[in-house]
Every structure is written in C-alpha cells, then in structure tokens.
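Two complexes come next, and they have one chain in common, chain A, joined by chain B in the first and chain C in the second.
Coming up: the complex of A and B.
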C-alpha cells in the first residue's frame, strides 16, 4: 500500500509540473530543458519558509509558486525580448537550470548546499496531491481555452502572423512561462515535503527533460495527453522493475517508437472530453459512423509539418 | 475627389480626401542594396490603391515597413497623424493596420473560427486571473468574440467551414480566410499582398467582385499588391508602379498603361535578359 501510495504521490506531483510545461511547450511552442530549476526554487522556498521561518505549509506552497514564477521572469525577459525560440530558447533554459542547481549546490548557509536540506516534515499526502492536481488541471484548462490560451496557440502556429494580428508576443510568452514556472514551483514544494529532504542533485537537467518528454510524449496542444503521460512515465519504470537492466532500454525504445509513429505525441492536437468519449462510444456501437462534417479531421501531413513549433 | 473619377467603384460613398497613410522619403537598405528608395505614397480614406511592379521592385518590402516587420533606414511613415516607422508590429496592428501575406500564413491547426477570433482578441478584454478562474467576464467576452467571428465568416461566405481546421481548407478559401482574419482586427487600412496569386481567370473575376463588395460595404482603405494586371486595372482607380525600389509612376489605369517608363520597366527588362541569354 505504501509503495502504491508513493507512486501515486510522485506521479501526481509530476502531473502538476507537466501541465505547466504543457502550456509552455505544448501550447506556446517554447521548448524548455530547465524546468527542474523552478521545481528546485519552489522546493527550497517552501522548505525554508516552513522549517526555518515557521510559516504554515499552505503559505510555503503558495510562496513556492510565486518565487518560481518571479524567477522565470529573470530568465524569460532577456531571452524572449531578443526573440529566442526553438533550440536557442531551450539551451538558454538549460543554462538557467544548471546555474540555479549550482547556486544551490554551493549555498551552505541556511540550505546546506550539496550536503542537503534535511528535517523537512512529511506534509504531502496523496489526498492533497489529488486535490491540487484537480484544481491545477482545471485552472490550466480554463487558461488554454481562454483568449490568452488561443493567443499562445497562434504564436506557436505562426508567430509572424500572430504578431501582425496585434498579439503582444513577448507578453503572452512571458505569461505562459510564468504560469508553467508557478506550477513547477508548487510541484517542487510538494516534492520536498514528501521526500522530507532536498538535495540540488534532485533537480538536474535530466529531471527537466523528463518533464519535457512527458509533454512531447503525451501530445502537443493537449492537456489530457501530458497528464496521462506524466503519470505513466512515473509508474512505468516501476511496473517494468521486474525486467532489471532492460527496464531503461524498454523505456527508451518506447519513446523511439512513439516518436516514429506518432510524432505529434499520443494525444497530439486532441483532448479527451465527455463529448469525445461519447463520440468514441458511438463509433464503437455504430460501426464506424462518422460524426460532424468530413472536413473536421486534420490532414496528417500538416500535423507533422507544423508540430515542431518552430 | 475627381482624381479617382476613372475608377469603376462607387467613389462617392467611400473615397475622401482625408489622408490616412503617408510615407515620406521612405527608404530601407540591406547592406549595399537599397530595397526601397525615397518612396512617397499617399493613401486616403476609402482608397483602393494598386501597387504593381516587376519582381524585386520592393512592393512587399514596403508592406513590411508599414506593418513594422522592418525598420526603415530613412524616412517617415505617418498613419493617421502618428509616426509609426520602427514601432513594434503588434502595436501598429492594434493602431489599425492589418495585412495578408504573399505566402499564406494562417494558423493551420486552429479552426477557421478560431483563426478569425484571433483577430478579435489579440488584446484580450479580461485579465489572466479572470481567464484562469473562468470568471463571468471571460465567459461573456468569449461568447461575444465567437459571435462576432461568425459574423465575419458569414460576410466572406466561410460560415459553413467554421469548425474545419484552417490548414485543411482549399487554397482559394484560405486566401479568403486570411482576408476575413485581417478584417476581424477592424483595421482602418488593409494591405493585401498578392491575394489573387495562383487563381485562374474565373477565380480572379469572382475575387474582383468579392473585393469590390467588401470595399464598398466597409469603406476601408485598401492597398493591393497584385501581379494579375486585369485585377489591378479593374479594381484600382489609382495605381503606383514601383521599379528597383523607386516609384516609377502614379496614376489611373489608363495613364499607367500608356506610360512609356512603365512599359520599359516591364518589357525592357525582358529584352535585357533575352540578350544576356544570347551571349551565354
């Protein structure tokens, strides 16, 4: 039970961080290999506030989110103002992530540097993670269907046209970045209060690429896809544990297969909703009856061509 | 008002003498190349101005300068009394200049309706916080935007495709959608970059009718870059001819067709290339 509980909590925390990255990468088209840094900033902020300054846990989590969001502006403003995108933005984020990790690694006052911040109480429960996941996904879903969310998608699809339609590209991207950082920050806060200790080496660039992988794996322009992927990518290595050394090989192979056969991700450009479930059930029952006008389905060639967000 | 007397459009309803856009000695230089050299254009309210010239004359570059995609090296662009040269593209767009592109630039994965909606909510009418919690003002504004977007689609006859992905539309309809999207920003000035490119004669005729109706109904100022001479000569009471970055001639279609400099620019080049071919 404790083992399953632990998978559930870590999966749920991962979900929270990944839906944030989904906004930035899946919807706005900015790739990031640095979001572990926002988790680290959030984690340490919450831990310091609660353990050292005796603040309540909820305040620590809120502060974790805001600290991460604010720090995202520090890296976001100069990079997005000079219109970095694609690989260049991803590399800037990689640099930021490493810089943050090394800073934490060498700060021995208060947070104990590379030795690790210990003595954090266990406050994160599965119920809290579940509640925050539900609220978090709901908020993000509201954002992506809002005018801001649509503007993000427009920027991903055709940045030149988006700007010439009057969208303030930098501001919109900064919002997407700040929101994604906020989520990573809160996730980091929850993580610290589950592990009960924090070491900077928890937040390496491989953690960042796990977050990005979940979004790409789950699907561009989708929320349900990354949510499922985020959970699966935590649970899968555990399920494959009986394979010993072959575990990571299969994990990697799975990625390659997905990228070959569904380059837009498992649920790229679609979302699971009540309506789509009903359509699916109807198709199963009605023997392949198509609903809606024939033009609705996307041409597959275009999906692959414009999926990169560059 | 009499300077556009030769045009086929209902001049009395639309054209006035109020200057909406003016470029003064507009120039831009790429390295050693003067792509646009001391160009003076004047667009009045309700104008339907044609911009023609051989390839590489600088027509699209002028559009890029006006919309802020390029920064002029010299000269001014005055739009409704404001100097806009060098301002950010989104700022200029929100001031009331909208455009379409030579190579279509829709948002291919978004629905037809969403494409037009972007033109309506480039600057959202509510805050991010209201968006996150989906407060009443956000819901209401979204509904209003959808309704207006539908109206824009109806006007160009694309309402039945509102749910389709923009990238899945046939070429001609994509062109129309781009115009609808540009119109959704409620511009004062519309810049169309070769909107009839790739159309056959028949499609051109229906496009002329469509554009003429749009112009009459909205009273909008339009600048049109076009290589189909019949489209330009038919639609535009006033035409600028560009060559090698400079204004070669300005006038009504009849004057332009008779202008020896224009004829030389179009035919002379061809003769030169023919001779170059002989030598090789």
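Coming up: the complex of A and C.
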C-alpha cells in the first residue's frame, strides 16, 4: 500500500509541475529545458522557511511558488522580448538551470550545499497532493480557456500576427512563464517535504527532460494529455524497472519519432472533457450513430432554387 | 600583472575553442534557423571516437583524431537526414525542431551512459600537463596547441566561406534560405556541407576537452558555453559568434583567476543575462523579423 501511495504522490507532484510546463511549452510554444531549476528553488525556499524559520507549511508552499515565479523574471525579462526567437529563451533557461544548481551546490550555509538539506518533516500526504492537483488543474484549465489562454495560443502559432491583433506579447509570455514557474515551485516544495531531504543533484537536466517529455508525449495544446503522460511517466518506469537504465535513451528516441510521425502526441489539440466522455459512452452503449444535438442533418438541397435562376 | 597576463593567455586559448564551437553552432542556426541541441553530444561522439580508435583499435594518435573528426561529421549528417530534414521539408514549427534536436541530444548522451558507462576516461596517447614558458607566463602546451588549431580552423573557415563558391552558397542560404533555393542553390548540398563542418568542429572541440579534462558522456555540456557565446555575439552572425566566444573565454578566465573558479559557469550565465538586457540582439546580432 505504501508503494502505491508513493507512486501516487510522486505522480501527483509530477502532474503539478508538468501542468505548468504544458502552459509554457504546450500552449505558448516556448521550449523550456532547465525547468527543474524552478522546482529546486521552490523546494529549497519551502524547506528553509519551514525548517529553519519555523513558518507553517502552507506558507512555505506559497512562498516556494512565488520565489520560483519571481526568479523566472531573471530569465524571462531579457529573453522574452518580442521579435527575439525562442532560442534565446531556451539557451538562457539552460544556463539558468546550471547556474541555479551551481549556486545551490556551493552554498553550504543554511542549506548544506551538495551534501544535502536533511531533516525536512514529512508533510506531504496523498490527500494534499490530490487536492492541490485538482485545484491546480482547475485553475490552469480556466486560464487556458480564457482570453489569456487564447492569447498564448495565438503567440505560439504566429507571433507577429498576435502582436498585430493587439496582444501584448512580452507580458503574456512573462505571465505564462511565471505561472509555470509557480507550479514548478510548489511541486518542488511538495517534493522536498515528501522525500524529507533535498540535494541539488535531484534537479538536473534529466528532471527537466522528464517534465518536457510528459508534455511532448501528452501532446501540445492539451491539458489532459500532459496530465495523463505525467502520471504514466512516473508509474511506467516503476512497472518497467528492468528498463530503467534505458529510460532516457528511450525518451530521446521517442522525442524524435513522435515529432516526425505523430507530433500531436497522445492527446494533442484535444482534451478529455465531460462532454467528450458522455459522447464516448453513448457511442459504446448505443453502437452506431444516433442523432443527438451534435449531429445535424445535412441542409436540404438548394439546387432547385439556384438552378432556376439562370 | 603576471596573473593578468597568465589569465589573458589562457582565456584567449579557451576563448578560441569557444569561438570555434560557437561558429559551428551559428553556421547551422544562420541557415536553418534552429538550435542544434545535439551539438554537445556530437562533441562527445568525437571524443569517444578518438578514445576508442587510439586505445582499442591502436590507431596512431593523429589518425585517431582524424577518425574522430570523420565519425562526428558522419553522425552529424546522419542526424540531419533522419531527424531534421523530414521536419524541415514539412515546414514544421520551430518548437518541433527544437524538441527533436533535444531528443537526439538526450538519446546520444544517454546511449553513451548506458553502453559505455559514465566514468571519466583519460584520453590516451598524450599528457595534458606539459607547460611551455613564454616569458613570465606559463601556458599549458595543450592550450597553446588548441589556440593555434582554433585560429587556423577559423581562418580556414573564413577563407572557405568568403572566397570559395560553396562558401558563397552558404552565405546566400544563410541570408535567405528559401530565395537561395529559388536561385538554383542546392540547399540539400548546403545542408550536407554545413552539417559536416559543424560535426567536424564539434569533434575538434570534443577531443580537445577530452584531452584536457577527461572523456565522459556529459562532455557535451560545454556546448552550453558555445550557445551562450553565440547569443552574446549575436545569434545568426558568424563574426559575432567568434567575438562572443573570445569575449566569454577571456572574461570567464579572468573571473576564474581573480574571483573564484567555482562560480565560473554562473558568471557565464550572468554575462548572458546582462548582455541581453542591454543589447537584446547581442553584440553583432542581426535583427531578423518573421514575415507573415
């Protein structure tokens, strides 16, 4: 039971971080590697606040999110100006990831550097993770179906046109980045308080690749896809333990194969919603087409009307 | 004063390698408009190629290096044909190209981890420790050789790109790939040439770092410095890449000598952020706008 519980918790934490990356990469089209740095910042912030400064856990989590979001400005502000290509941001994120890890590894006061921050109490429960996941996904869903989300998609598809339509490109990108960093920060906080210790080497580029993999496999422009993929990418390696060593090799290969043969991933551009589930159940139950509100009969032929007008 | 000169010389040497790497990256970026993340893993491929050629197959040293160059060039071309070309011909958005490139990088690096093992291996056949005395300054013999090689390679590249016909094709394609194709330039051949040059450059740098430090799967991490150099110098500009590489190398080594060598990589990132804050297109960047 404890084993399944831990898979659930780790999967749930991954889901929270991946949902943030989905907003940034899936909806806004900004490729991010090094997102694990935000998890690290969040994790360490929460740990320091709760363990060293005796603040309540919820405050630690909120502060973790804000710390990560604020730090995202360091990377975001110089590189997300409009007319700068996404490569500037990606390279800066790569550098940021390394810089954060370096800083954390070499700061021995308070956080113990590379040796690791131990003695973090186990505050993360599966109930908490489930609750935060539900709230988090609901909030992001609202963001995505709102005008803000549509602005992000517009920027992804064609940035110049988006700017012409009056979208403040830089602000929207910065918001998407801040939101994704916030989610990663909270996820990092939950992670620290589950593992009960934090070491900078937990947040290397393979962790960032894990997050990106969930979005790529799940599909861009989708929320349910990355959520499912995030969970699968925690559960499957446990089931396929004998392949663990090959995990990243397989991910790399899958990235290329998916981009070439099925760039929309599992559920790209589509989401599983209540309406779609009802339709699916209806089709399973009834078999064959039934006319419902979604199916219209074709309009009557107007040939007679136009044919006579010659 | 001696420290300053010492760091300057070392900085110029490492700056030369960064410049070479940055040019290898910028060549592809300026023509095909995407970041070849696999660049780092190509460095690793070159280093391991040389390593195994010399230690397992007993090639003489310089033939081992040549093998490394050829291997990396071949892998680079293979990656272009298999991973990038199908997407480019389909007109895939930049995000897909970046994901694919990252996938190649992750694949190659972790394949090495699994098949070869993550341990550090010293590059056989040469010791990096010999020192040459130039007046008050001591330079590692390897750094000196590296400086000479990178300068000559850069000069050779400059000559190739500025003064030969294939070079003219490369310059045209870098200016506007689509129109170059319309004017009769075989963009596929340009791709072939550019990716092989890029592969060879990464092998040169890869074997250098393999000799200087050690051969291990994450050797390609140094390519981050190449990306940063290119951004500092201006993405898409070849002279900018050279300038950015030298500037980064020298400043980094100065910081390493005068302040602390632990935070050297942090300084590289800080320099990147500062440059972009004040010069959004880098030192010599081209302001290219998307056309709808």
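By our rule, the second predicted complex is superposed on the first by the 254 of 310 C-alpha atoms of A that agree within 3 Å, B and C clash if a C-alpha of one lies under 4 Å from a C-alpha of the other, contacts with A are read in each partner's own complex, and residues count from 1 in each chain.
Convention: contacts are C-beta pairs under 8 Å (C-beta built on N, C-alpha and C of every residue); 3 or more make two chains touch, one makes a residue touch a chain.
Note that this is a predicted model, so its numbers are computed, not measured.
In the overlay built on the shared chain, the residue A:248 is in contact with chain C alone; chain B does not reach it. Ranked by how many residues of chain A each touches, chain B and chain C are led by C. Residue contacts after overlaying the shared chain place A:96 against chain C, while chain B stays out of touching range.
Of the two partner chains placed by superposition, chain B and chain C are both touched by A:160. In the superposition on chain A, contact is made by A:85 with chain C only, not with chain B.
By the touch criterion defined above, A:66 lies against neither chain B nor chain C after alignment on the C-alpha atoms of chain A. Residues 158, 160-161 of chain A touch chain B in one complex and chain C in the other. Listing the residues of chain A that touch chain B in their complex gives 139, 142-143, 145-151, 153-154, 157-158, 160-169, 175, 179, 221, 269, 292-293, 295-296, 298-299, 302-303, 306. Of all residues in chain C, those touching chain A in their complex are 29, 33-35, 82-83, 86-87, 92-100, 102-111, 113-114, 221, 224, 227-228, 231, 235, 262-263, 265-266, 268-270, 272-273, 276-277, 280-281, 287, 289-292.
The touching residues of chain A, counted against chain C in their complex, run 25, 29, 31, 33, 74-75, 77-79, 81, 83-88, 90-92, 94-96, 98-99, 102-103, 106, 156, 158-161, 209, 212, 216, 220, 245-246, 248-249, 251-256, 259-260, 263.
Considering their complex, residues 67, 69, 88-90, 93-94, 98-99, 101, 105-110, 114, 117-119, 121-126, 128, 131-134, 138, 141-142, 145, 161, 163-165, 167-169, 181-182, 185 of chain B touch chain A.
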